[in-house]
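What follows is a pair of complexes built around chain A, which joins chain B in one and chain C in the other.
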Partner chain A sequence: MLAGLVVLALVVALSLAAPLYAHWIAHTDAFAPNPNGTIVVHGQRVSVLQPGATGLGETPIGPTWTSRYLLGADGQGRDAFARVLYGGRISLTIGFLAAGITCLIALALGLAMGFFRGWFDAILARVLDLVWAFPVYLLAIALASATLAHGIPLGPLTIDSSSILLPTLIIALVSIPYVARPVRAEAMAVRSSEFVEAATASGASTWRLIVGELLPNVLDVVLVLAPFIVASNIIYESTLSYLSIGVQPPQASWGSLVSDGQDLLYTRPLVSILPGVMIVLTLMALYLVGDGVRDALKPGQREELPR
Partner chain B sequence: MTRFIVGRLAWTLAVVVAITILTFLIFFAAPGVDPAHQLAGRGATPAAVATIKHDFGLDRSLPVRYALMMKHLVIDRDLTSYSQGRVKVLPQLVDAAPVTFSLVLGATLLWLVAGVLIGVLAASGRRLLDPLLMGAGLIAISIPTFLLGDLLNLITQDRLHGFFLFSWIPPLGYVPFAQSPWGWFSHLVVPWITLSVAYVGIYSRVLRSKLQEVSEADFVRTARAKGLSPRRILVAHTLRNSLLTLVSIFGLDFAGLVAGGALVTEVVFGLPGIGALTFHAFQDLDLPVIMATVIYGAIFVVLANTAVDILYAWLDPRTRSSGFDPAT
Partner chain C sequence: MRHWLWRAGALVAIAATVTACGSSSTGGGTQTQAQGHRGGTLVGEATDGPDSLDPAQANINLSQAFLRMTNDGLTALQKADGKAGTTLVADLATTLPTPTDGGRTYVFQLRKGIRYSTGAPVRASDVRFSLERLWKSGSPDIFFRGTGSIVGSAACDKQPTSCDLSKGIVADDAAGTVTFHLTAPQSDFLLRLASTFASVLPPSTAVKPPATEPLPSTGPYVLASFVPHRQVTWVRNPKFRQWSAQAQPDGSPDKIVLRLGVTGEAIATDLEHGSADFYGNDSLPADRLGELATRYAKQVRVVPTPATYWFDLNTAIPPFSDPNVRRALNFATDRAAIVKLWGGPAAAHASCQILPPNFPAYEEYCPYTANPAPDGNGPWSAPDMAQARALIAKSRFRGTSVKVWAEQADPQRQVALYMVGLLNQLGFKASVKTLSTSAYYGYIDNSSHKIQADFSGWTGSYPAASNFMVTNFKCSAFIPNDPGSYNLGEYCDHGVDAQMAQAQKLELTDQQAANALWTKIDREITDAAPFVIAFNPNNIVVSSSRVARTVYSSAGYSLWYLWQLR
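Right after this comes the complex of A and B.
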């Protein structure tokens, strides 16, 4: 738990510091291609992109272990490490933002289903079951193919198709059942408890029953699930971006960095592997934190890890 | 039991209708969507757009459009992708299905055996084994499939391909079983491992916590008091009860993967399965293919869901209610 929190805080801090690192330490712009750049390493001036060993293409410079191009350059001569830090900003933003949206919608749905029960609940429960069982990436592709061309017009506002809000919304949508189902189950249990009956008898309104009695008693379910949802969101985001369905250039997340670096996988594997390592570290930290929160709040609750 | 099955089947039908309506709304009625142009694909001629408008009744009311879409999908089964010169969609799906099925079947076997083995070992493990195995499980669920696939490709196709352990692994691709069983097997080994790793992590985690929970149940204490050997208690009492939990998640995982969930593995290893078909259709903006995989996939998942429910009710009579009550 503690180790998880420390690693998570470190990853967040590093990502937040991306512009500082790029400006003050690496002296580079992580988004501007730098194909003809040169740097001085051990007193020698070398170019950032060197001719490939086979004479075809170019091989970017490897790790210099100095402040500039600490871990080498990517295929367009940009600082690989600085880009990983910037990628973290996007990946983490989407992961946490989507989890927030998911939890809010799922909380509302689960509470309403648990409170009103009956047909409303019956139909919605089956739909949630279905979305739960349905392959996430297929659903995301369907949503993306319907929205990616034009974005989503929401009255006067339009979510642009290159905005990171689009993958955020898609990810938030597919994660809803993982939270809504346990919230509904808990809300149903609380609904039939004596203190709710007492509140009903004393004439409390529907609104007051849901917000005043049910909500505080199902919040811990959401709190336990939240770290796992953030983790699975980061997996979804990186996978979608890897498949170029998620974050669109010039923005780059860890997933798109792994996919960008694939052309260099056999010559400069670090460019692709480093963002991957960041994903794995962040996920492990989140799972550890999640286990800790669960053991503290609700030791019995089993999370159904979404895939 | 009959009442349960009939109730469940009625629900299944209702859900199939619901999901087709949902998909229909995503593709035909989402805000900002122009279905004729999207179905026609990139660089469509005005003639093609006009044909689609007529075929799908796009100038008519929503219910008519829904009926027409279902007619094309279920009755005529003649959904056509327009972007590559009018190719029927269903034969493409039928060609891709065995690839996906081969991939999922092997991975399934692998993760069930490894997951149960590791779960049992961890639950009954000594002081060191349990945290060690659970640590490995944590790493397993923290590696995204695409990353693991890339790394394994890097190792087996490039860096260590000369090493005797990996030199037999052929280049990426797929060979049908009927054509060459060894070719089929050798092409699929690394994809099988890639796909199953995360599930091994999840299944062993779930099984371990369930085993620990069950081992405190009264009937296990009775068995212990009777003087049964720990091994017999594990096999005949605890494990038997705990495996029930895996049945329900397994059915859904399997169905989800067959319906296209193995997409990432298929793309990374160049296997022409259903997921890869959908992905490439997305790249070409070939909407009819995506629509078909989503709807057929959803129907498959719903049917599998029902099958699991019925199997589960047969295994554990306590869960047999009327079958029409969704709360169970």
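Right after this comes the complex of A and C.
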């Protein structure tokens, strides 16, 4: 778990430092196209997009191993490494934010369903079953595609289709059943326990019963699931962005960077590989952290994760 | 790039071979090509597949290129390499008719003995059926719908599902004649009939068949299978007997396979390794072109294409409803950067105007450049950001959100990303939206989707200025909520419309005066800036080492079925 935390902290720190790296070290704007740019490498001025000998073809500069274009340029002549760092900010933001939204909504739903039971539980449980029945990726892709052009109009407010809020909400929504169901099961079990019955008999209000008695006893379910949900969310985001229906350019996430580099795979593979490596590292770290939390709070339990 | 338009010059010049837009080559040029053999399987690859293989629905170059080998109309452009490919010839008709009744009546005599792949004979009445089907099926065609002049077509525009052209197209099956009556002389009528939209189909054809259903063919090939996003296969049409080597020659390969869903990178590698013989994308990733041109020079031909690529700016929607913003963007655009992203100076050259070089009526014009020549009569040299920022400062739309649409494949996406970066630099909140090629034009052409800006273009299949102007910039070329509305900027200037009508009239009598007027129109539309003209591309024809002879028409498309394998 400690190794996971260290790696995760390192990835988060690197991502947070993206603007500092771009400004002070790479001296670049990671979002502005720079096809006509030139840099000095080993005393020689060279083009960032290097022309072919016959006037046909333009190949982005490869790794310079200097502060500028450390790992080369992408197809727009932008610093590939700086963009990977910026990509981490978006991927991690979406991963954590969506997980937060998921956990909050799922906790509220699970507690209410577990406490009230009856028709309220029956209706909500079927709704969750309905969402559960769809493969997560299919549902996320369908929602992202449907909102790709015009975003989500919410009365006077509109979530723009290029806003990162859109993939965040979609990912949060499709993950809710995976947290709400275990929370509901735990809440039902706690609801039937003697100490809750005693509190009810002593005249505790519904609010007091839910917040004071149930919540503290189901919170560990959410805590155990949270790292895994963050990890899943990062994969969902990467998938949607890779398919061009998640984070929209010029913003960059690791998934969109893998996609950006796909057409450079032959000549400049690092543009695609590096964000892929960052995804793998982050997921490994999150799974290690998740395993550690689970071992601490629920020894011997294996959680069911989204498919 | 997407739709190919056909247009005649003066009627007397219709049958003459046009002389502009000569082809050149690097590597294995036409002159040095070896002789191949008949037979074998030609394999192509594309990132995305045909939008449709129904002549009434096919709206992108790739689809139309294959329809030219399966279907025929009354007329066609000669199926030949280079300049010869721009010559208009009779196809299902025996000859190109001379119009009568002041240019308003054309009588075609059908060739005898031509049959569909189903075995059914081609009849005169099939022509009327096929053209009425354009309206009934909701075709994206614009040669006959909207801007057409066949008697009855205006009523069909209003009531498409009950379209009746019986007064405009009189067919006599017994005599094998088809008579067209037009409401007004149309100088480019015979060339409109050469478009794939005018392909002749039997009356048994469903109005809206499933997209994958093979339709009856008259050409040397027939569709064998179409699995969207996977593969398309064509085989020889057993009923085909060559009737004209110019209009519809017999094909070379026995079978043509087009693999779909292949990335640009993989296509380039497969062409190098010989596991694919041609590519169906507009271009290949810029980073691979250099390697192809140097290490595989004999397999690469660079052919000038009569085309212009641009960004449409929707004049009906903010921020581009403000001419200052449109002009500012034109000043700010670094066309040299876009040329680099497209593949370098051998792949394209910068432009500010609609007409491509070597076109009749073309006179170099670029008012949107740093240090412009007097009256703008010179080339683009560099962006003028100061001028751009000054114009933006006058606009109340600075800071608005802009979505730029483009095809998903590179280099189109890269070019769109450049424009997004530039818009952000100018203070807008821009982002890019991409769609697969097969879905792209059907989506952006439809004004109900409120597209603000898109990357698009036009390939003029023969050199005449009206080819570009009428279909893209005439008021009637904007058809609200229609998938065949090509005037994406929703540009409408009735003064310019009147000049276009005048120029088209002049084409019948005085081509020189007509060209002078088209030059003026080119400048006026460029000044109004319903677009950012970016560049004129060259076509990079790449073949595998298995291919002995390639055929690329100067009309702007490959004739893959005439390619010969070693």
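One rule holds for everything that comes next: the second predicted complex is superposed on the first by the 294 of 307 C-alpha atoms of A that agree within 3 Å, B and C clash if a C-alpha of one lies under 4 Å from a C-alpha of the other, contacts with A are read in each partner's own complex, and residues count from 1 in each chain.
To be clear about the criterion, contacts are C-beta pairs under 8 Å (C-beta built on N, C-alpha and C of every residue); 3 or more make two chains touch, one makes a residue touch a chain.
Because the structure is a prediction, the values reported are computed rather than measured.
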item	value
Chain B versus chain C as contact partner of A:L143, first or second or both or neither	first
First (chain B), second (chain C), both or neither touched by A:F31	second
Which of chain B and chain C A:T59 touches, first, second, both or neither	second
Contacts of A:Q262 with chain B and chain C, given as first, second, both or neither	both
Which of chain B and chain C A:S15 touches, first, second, both or neither	neither
Partner chain(s) touched by A:A125 [first = chain B, second = chain C, both, neither]	first
Contact breadth on chain A, by residue count: chain C or chain B	B
Which of chain B and chain C A:N233 touches, first, second, both or neither	neither
Common ground on chain A, meaning residues reached by chain C in one complex and by chain B in the other	149, 244, 262, 265-266
Chain B partner contacts - residues on chain A that touch it in the complex	121-123, 125-127, 129-130, 132-139, 141-147, 149-154, 158, 188, 231, 235, 238-239, 242-245, 255, 258-259, 262, 265-266, 269, 272-273, 276, 279-280, 283-284, 287-288, 302, 304-305, 307
Touching residues on chain A, where the partner in the complex is chain C	31-33, 35-36, 49, 51-60, 75-76, 148-149, 160-162, 244, 248-251, 262-268
Complex interface listing, chain C residues touching chain A	26, 263-265, 268-269, 285-294, 297, 300, 302, 334, 336-338, 340-341, 343-347, 401, 403, 408, 410, 414, 417-418, 420-422, 424-425, 429-434, 449, 540
Chain B residues touching chain A - in the complex, by the definition given at the top	11, 14-15, 18-19, 22-23, 26-27, 30-34, 38, 138-139, 141-147, 150-151, 153-154, 158-159, 198-199, 202, 205-206, 209, 249, 252-253, 255-257, 259-261, 263-264, 267, 275, 278-279, 282-283, 285, 287, 290-291, 293-294, 297-298, 301-302, 304-305, 326-327
